[in-house]
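Reading through the structure tokens given below for one structure.
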Amino acid sequence: MISLEHANRIVGATLEKGKALGLKPLTVAVLDAGGDLVAFARSDHSSAMRPQIAMGKAGGALALGVSSRTVGDMAADRPSFIASLGPISRHGVIPAAGGVLITDGNGTLLGAVGVTGDTSDNDESCALAGIESAGLKAKN
Amino acid sequence: MISLEHANRIVGATLEKGKALGLKPLTVAVLDAGGDLVAFARSDHSSAMRPQIAMGKAGGALALGVSSRTVGDMAADRPSFIASLGPISRHGVIPAAGGVLITDGNGTLLGAVGVTGDTSDNDESCALAGIESAGLKAKN
Amino acid sequence: MISLEHANRIVGATLEKGKALGLKPLTVAVLDAGGDLVAFARSDHSSAMRPQIAMGKAGGALALGVSSRTVGDMAADRPSFIASLGPISRHGVIPAAGGVLITDGNGTLLGAVGVTGDTSDNDESCALAGIESAGLKAKN
Amino acid sequence: MISLEHANRIVGATLEKGKALGLKPLTVAVLDAGGDLVAFARSDHSSAMRPQIAMGKAGGALALGVSSRTVGDMAADRPSFIASLGPISRHGVIPAAGGVLITDGNGTLLGAVGVTGDTSDNDESCALAGIESAGLKAKN
């Protein structure tokens, strides 16, 4: 399981990366491997639904065992299938980049981070920077 | 926050506009900026799901910070992404015109109105007439 | 089915009764016999959960075919049974006075009104005044 | 609305207070006045449901406009009524101390903090310390 210390580093470094890149205000959620929330921050001036989107990117990645970018690719191929998963998933399933699985150096799954607020590509870049800053690995 | 007096004016003027244009029976919901219902009316002979559609237009506009017409444009570009938001949104997210954000003269967000019953374009026209009648502004 | 005209009269007269009695700000919901919302108003300075409580009083009354006062009596006798109904009921089931079934002069069920904001007894008094003002009958 | 900076201070100071008192691992959630999550942390070795309990204490306080300690007092008097609110409340309604409303110096409601992990009394003590540390006020 991911520690609060690691999760807080991911949240902090993700937000810093967003500021360094001049992005729109970001929201970041870190879930453990069981899908329970560990750490979270929503930047000022974010729109109301950002918490659910951040958790839905991370939760969907955990639910399907791939990044939310790959969930997006799956949705392009099989839109009805991916849409059907949302109502039966604890945090929903958001098919857009920004949700990334977190592993330790040995490939053990620790959890997932979900980022939202700017473009999906930028959200994902910040998520990857956050994971790296904590000394952990993103699962490809 | 929007007052009940303002919300009732929006509801009343929206319904009057629909009658003046000879539209099908309309349903109108006004939510405050936090997404809580303030005023609501469903015309006689409306179908059963109209309350949820009206709230889903207004609630989706609040969730994403744009009109439900713009949500519809987003859904045309990214259908799976917009579809994924419904199950994790309090009132759902309806991607069709008729949900309009309400501001005061200074740009402060007060809430949103959602209208359904006729074509989406006509629903939106009546929503805009309702907001104007209350002396408030639609957010573009 | 209850007409919007009748439902609006009930909402308006219920709020007026509350003001005449100097009660706290009231929230009023009128559902049709199928449980769909017809008319609604939330007074300024109400707490956030009032819409759900008003609909939960009216919806619980419809669900069990008695007033929400009687639902409260049932809950005193069988608390676990009544508590179990909330999660499977569309609007929840609130076991407190203020939700009243509405009939026409011939005993036909038209819908229900739910009122919240002051004491349950006062909420119910206003609901009864609202129904009477519309020329309809409360089901005992 | 409460800023992320304030919310993060509340979370950090609440956890520090828990450590200083030698309490069990705490979970802390800060919601804004509309009930949306702003900042969150769950200490290592917490049980799985702590996120929902923390949000249910804060969310119940916001829903009813009182502390979750007072919600607990209400539940002692009217158990079925308070139990009925959970299923229709966005974050549930937890009737136990540890959820505290947050105001600025002028009495404006900014949001609520929910704390769980130790006894309810200790949870609440830490919540109060967190709010004070951020230079804000608990609503009595």
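The chains carry the letters A, B, C and D, assigned in the order they are written, with residues numbered from 1 in each.
Quick note on the criterion: a contact is a pair of C-beta atoms (placed from the backbone, for glycine too) under 8 Å apart; a residue touches a chain by one contact, two chains touch by 3 or more.
Remember, it's a predicted structure, so these values are computed and weren't measured experimentally.
Rounded to a whole number, the gap between the C-alpha centres of subunit A and subunit D is 25 angstrom. Inter-chain spacing, taken between the CA centroids of subunit A and subunit C, is 43 Å.
Distance between chain centres (mean CA atoms), subunit A to subunit B: 31 Å. Contacts with at least two other chains are made by residues 48 of subunit A. In terms of inter-chain touching, the protein chains here follow a pattern that is not a line, ring, star or complete graph.
Checking each pair of chains for touch leaves A-B, A-D, B-C, B-D, C-D. Per the touch definition, subunit B reaches subunit D in the complex via residues 33-35, 90. Taken together, the subunit D residues at the contact with subunit A in this complex read 1, 3-4, 7-8, 34, 36-44, 48, 50-51.
The touching residues of subunit B, counted against subunit A in their complex, run 34-35, 62-65, 78-81, 83-89.
In the complex of the two chains, the subunit C residues touching subunit D come out as 47-49, 52-53, 55-56, 60, 72, 75-76, 79, 82-83, 86-87, 89, 91-96.
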